[in-house]
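What follows is a set of structures to go through.
There are two complexes below, and they share subunit A, which is joined by subunit B in the first and by subunit C in the second.
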Partner chain A sequence: MLKVFKYTLIDLARNRFVLGYALLMLLVAQGLFALEGDPTKALLSLVQVVMALVPLIALVFTVVYMYDTLEFTQLLAVQPMRRSAILGGQLLALAAALLLAQAIGLGLPLLVHSPTVAALVLSLSGSALVLVFAALGALIALKQREKARGVGVALAIWFLFVLVYDALLMWGMFTLSDHPIEPFVVPLAGINPIDLARIMVMLQVDLAAMMGYSGAIYKNFFGSVGGTIVAALILALWVAVPVLFAFRVFRRKDL
Partner chain B sequence: MRELLILLLACLSVTHVGARTWRYRSGAGASLQTVINGTAAGDTVLVEGTVSEGSIRVDRPLVLLGGADAVIDGGGEDDALLITADHVTVKGFTIRGSRRSNLDDMSGIKVNECRGVVIEDNFLDKCFFAIYLSGVKDARVQGNTVLGEPGEEDHMANGIHLWKCSKATIRNNRIEHHRDGIYFEFVTDSHITGNTSLHNLRYGLHFMFSHRDAYEDNHFEDNGAGVAVMFSKEIAMRRNRFLANRGASAYGLLLKEINDGEIIGNTFQDNTTGIMIDGCNRINVRDNEFRLNGWALRLFANAIDCDFRGNTFAGNTFDVSTNGSLIPNTMNGNYWDRYAGYDLDRDGHGDVPHRPLGFFTLLVEMQPYAMVFSRSLFVSLLDRAERLIPSLTPESMKDDRPLMRPPVRKNRAVAVANKRLFPHSAFVIFHSSFFIPAGMGLNEKWRTSEHSVVLVHPCIFPLGGRYQDHG
Partner chain C sequence: MAEARITYHGVGKRYGKLWALRKVDCAFHAGEVVMLIGPNASGKTTLVKSLLGLASPTEGHITVNGQVIGTDPAYRRSIGYMPQISQFPATLTIGQLLEMMADIRELRADEVEDSLVEELGLSAQLDKRLSTLSGGTKQKVSAVLALRSRPGILVMDEPTAGLDPVSSQRVLQRAAAVRDAGGTVLITSHLMEEVESLADRVAYLEDGNLKFLLPVQEILSSTGSTRLSEALPRMLESNALSHVL
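Entry: the complex of A and B
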């Protein structure tokens, strides 16, 4: 598994897309900090970028990369090694490469321009999103034989998480506003990994507003130590479940 | 009486003929009250040591000076020090042990029905009311430290409490852990300057029915509900700092039924609500800074003819919210960090109006749980659409001449919430100036951030100098 990890990582290091991702994030982050005189405001703009862009890139890149390395994977599969080792090595390498790119592209500018707790949380949530969507991407790529279809599904999933889910949730909230929806609001908001990551960041940047009546319910839950642990667990589940399914699919897959 | 006089040292007074200075050391036989009863108007009594003989009553014009370790301990019966005469000065004491009673308003220093009292440089330690002025004219309360005891609201009273006073000056005091830090009721023509009011259970400063007063350069932080000004006219509020007043009903500044007030040059930071304006007329809100608040400004629809100019709104979750559609107030020439317009004629004002009331603000007003969507892509799309084609937000709520850059302020706000984890090191290589070419017309903005200017060096961008002399 370590060998696969090593060679995949070397391949990824030469991949222009990963480099491009790091540069893009670097440019966006630097640009925002340069354009906004106020680092706090730049951080707020960056939150929106990270919450939309990071899942998209992690998802699409993983899907495309899995298809592109299919031949190499087939070559590996005929060697005397277990299939789980092949996929494990590849996924680890993918995660490592994306996290590294993100650390350079997002972590570094944050560290330089706005070394605050909010920035740290943003960086961590962004990393969690990378892992979640890379895992989802791997599952999609293994499930779909056709590349175009795979990318399509990936885009649909991204769209679902980033926009449709929120729209539906908001619609539900307003339709059922006469009912006691309080017990359902927190869990429903916490299911979507993007929403969850955003809430964690929001608890830092919108702290003053979260202390008010409207934010109290979220603050009380996610603001506590227990809530943070639950949030981390949910994100971990979002990584673990797709990865487990990916292994299952890959083990039985006719390459 | 003769033995008593031996213990006392009489000196000549410097002020006027006949006035004497009495030196009193506690534990030397006589009581301070007997000494005071023996003084004539205009005398000075210098007190040393701990006086714990119950309530002390000053009924003639005296100067009470606290010497080394001077303590007046009321021992829990009534007021520790009760002043009922004109022109009394109390200076340099530690005062404690007033009785706790909601019926009789017992206090550390109580001043009743007189004029010209001076209370200076005292330390009021866990008193019920600390300094209580009732029916006093021309009072001066200055340089005192007033520390209460955290507890339940029922068992707490105000730090500096004025009732039916006029021409009072409250200056450079520090008040912590009381119910209201400073409380004004029926107080006119008075000044509150340079005080610090922290960690009070209710309001840092509380005005009721008090007219023509001014409070300036004060610092209010972490009070249960911030500062409240209610049912008052012609109050001037200048250069104060309202910080970190958080909670569902906490406000940096709560204005209720205020007419003809002015709010100039204040800083509101990290409050759940910066200013709440309810039923006010003709308030002039100028040159204030609103940073990192939940709601910078809650302007109820019953506020009329309020004018907002030259304010800075930056980093707030919501800039403005309201509860109606008719907005008979004006906003002009403020800086909004959310403003997305342009300035083609380069006069420093945006060419298209800014609508500070976002769609999302309204959503949260209608459905508080919608707060969870703050800063999501979905909400920002909705907000953007609403700004282009306003349908739900009131048409009249707009700033026609939004500033492109935050106005320069004389007294800068100190960032409290976003303290850096690490000191700002010289990461010159990663600095923005490397990534944005100098000629992008952004130089104006660069100048606003303190550290950028230095780094735009002609060696890095030979073109830089050519574009930097706008304005």
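Entry: the complex of A and C
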């Protein structure tokens, strides 16, 4: 697995898309810190960008990379090595490349302009989203035979998590505002990894109060050490479940 | 080199409702070149993929050197594979790719056969990125990868497609050398003229069925032809198969 990881990472280190991602994040982060006078405001704007852009890029890049390297994956699969080693190496390298690009594009500006706990949580949440959506991307690429279809499914999933889910949640909360729905708010936030990551950052900049009673519940739960551990476990599950399914699919897949 | 022998025992492969391969029973021996032919979608690729572990049979099993191939990938150590489409990591160089594959196969320096790199004119291009190579050069790299571990079993899918005549000849000479050293070579090709001088037996597939697996001499004598490229169409058209099936 380490051999596949090593050479895939060498390949990805010079990949234009990965370099472009690092540059884009760097420009966006630097631009926001330059435009906004207040680092906290810049951080809040950056949260919105990270929560939309990171899942999209991690998802689509993973799907496209896996389709584009299919013939090479076939060549690896006829070598005397287990398929789990091939997929494990490729996934680790993809995650490492995206995380490295993000560390340069997002981590560096945060370190320079806003070396706070909130910035650290944003960095960690962004990294968690990279892992979650790279894992989902791998599963999509392995399940769908056609590249166009795979990219379409990836975009639909991103759209669902970024827009549709929140819209449905808001509609539900508005419609059921006369009912005691607060106990369901925390588990519902946990379903969507992007919302979960956003809440974790928002709690650090103390904006939960702006979210009303739900915000108070979020703060009560996720603001505690136990809540933070639960949030980390949920995000870990969002990575582990697609990865396990991806390994299962890849082991049996006809290449 | 260890003796290579491949046996298909009632191997069938189904994709959805379509049977790409139907109960194929055959054996490929050490020291022979077998040419796999048949129309498009006849099952040639599936036959090869089943051996390589890229597709798992729906029924039956395959043995390599007497061992049933399953989940243990160790048997593939004896196999060299040259695919029809050569696609490599874009930003790696030829040298890095050769190093990677040797690393994966855990080849010692004395186990690596690199003279083909020189013969195919790749020595001066080892630092070139794979994304900058022409289709033909990628095929040469693919040939080197298939042959440099001195495989006991060599599987080539349309090996001469995209190669210049000189390089084609050199690659086929190497395939013959594998056979002469006691290896088993399976070649799928539509360019019969190029590979017919190499073949010892011909396997013909149609609709997933192995219609025949015959020595070249038998095919030639049964049709009165001197060349396979003439004999096979004649054989198929005149239904001359009936006496050998």
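Note that the second predicted complex is superposed on the first by the 248 of 255 C-alpha atoms of A that agree within 3 Å, B and C clash if a C-alpha of one lies under 4 Å from a C-alpha of the other, contacts with A are read in each partner's own complex, and residues count from 1 in each chain.
Here, contacts are C-beta pairs under 8 Å (C-beta built on N, C-alpha and C of every residue); 3 or more make two chains touch, one makes a residue touch a chain.
Owing to the predicted nature of the structure, the values given are computational and were not obtained by experimental measurement.
Novice: With both structures superposed, pick whichever of subunit B and subunit C touches the larger number of subunit A residues.
Specialist: More residues of subunit A are touched by B.
Novice: Subunit A touches which residues of subunit C in the complex?
Specialist: That would be residues 15, 49, 52-56, 71, 73-77, 79, 81, 83, 85-92, 96, 100-101, 103-105, 145 of subunit C.
Novice: Would you mind writing out the residues of subunit A in touch with subunit B in their complex?
Specialist: Residues in contact with subunit B: 26-27, 30-31, 33-41, 44, 47-48, 51-52, 108-109, 111-118, 120, 162-163, 166-167, 169-170, 173-174, 177, 181-182, 185, 189, 195, 198-199, 201-202, 205-218.
Novice: Of all residues in subunit A, which touch subunit C in the complex?
Specialist: Where subunit A meets subunit C, its residues are 3-4, 7-8, 10-11, 13-15, 68-72, 74-82, 252, 254-255.
Novice: Would you mind writing out the residues of subunit B in touch with subunit A in their complex?
Specialist: Touching subunit A: residues 246-248, 250, 270-273, 291-295, 314-315, 317-318, 337, 363-364, 366-381, 405-406, 417-422, 425, 427, 430-436, 442, 445-446, 448-449, 452 of subunit B.
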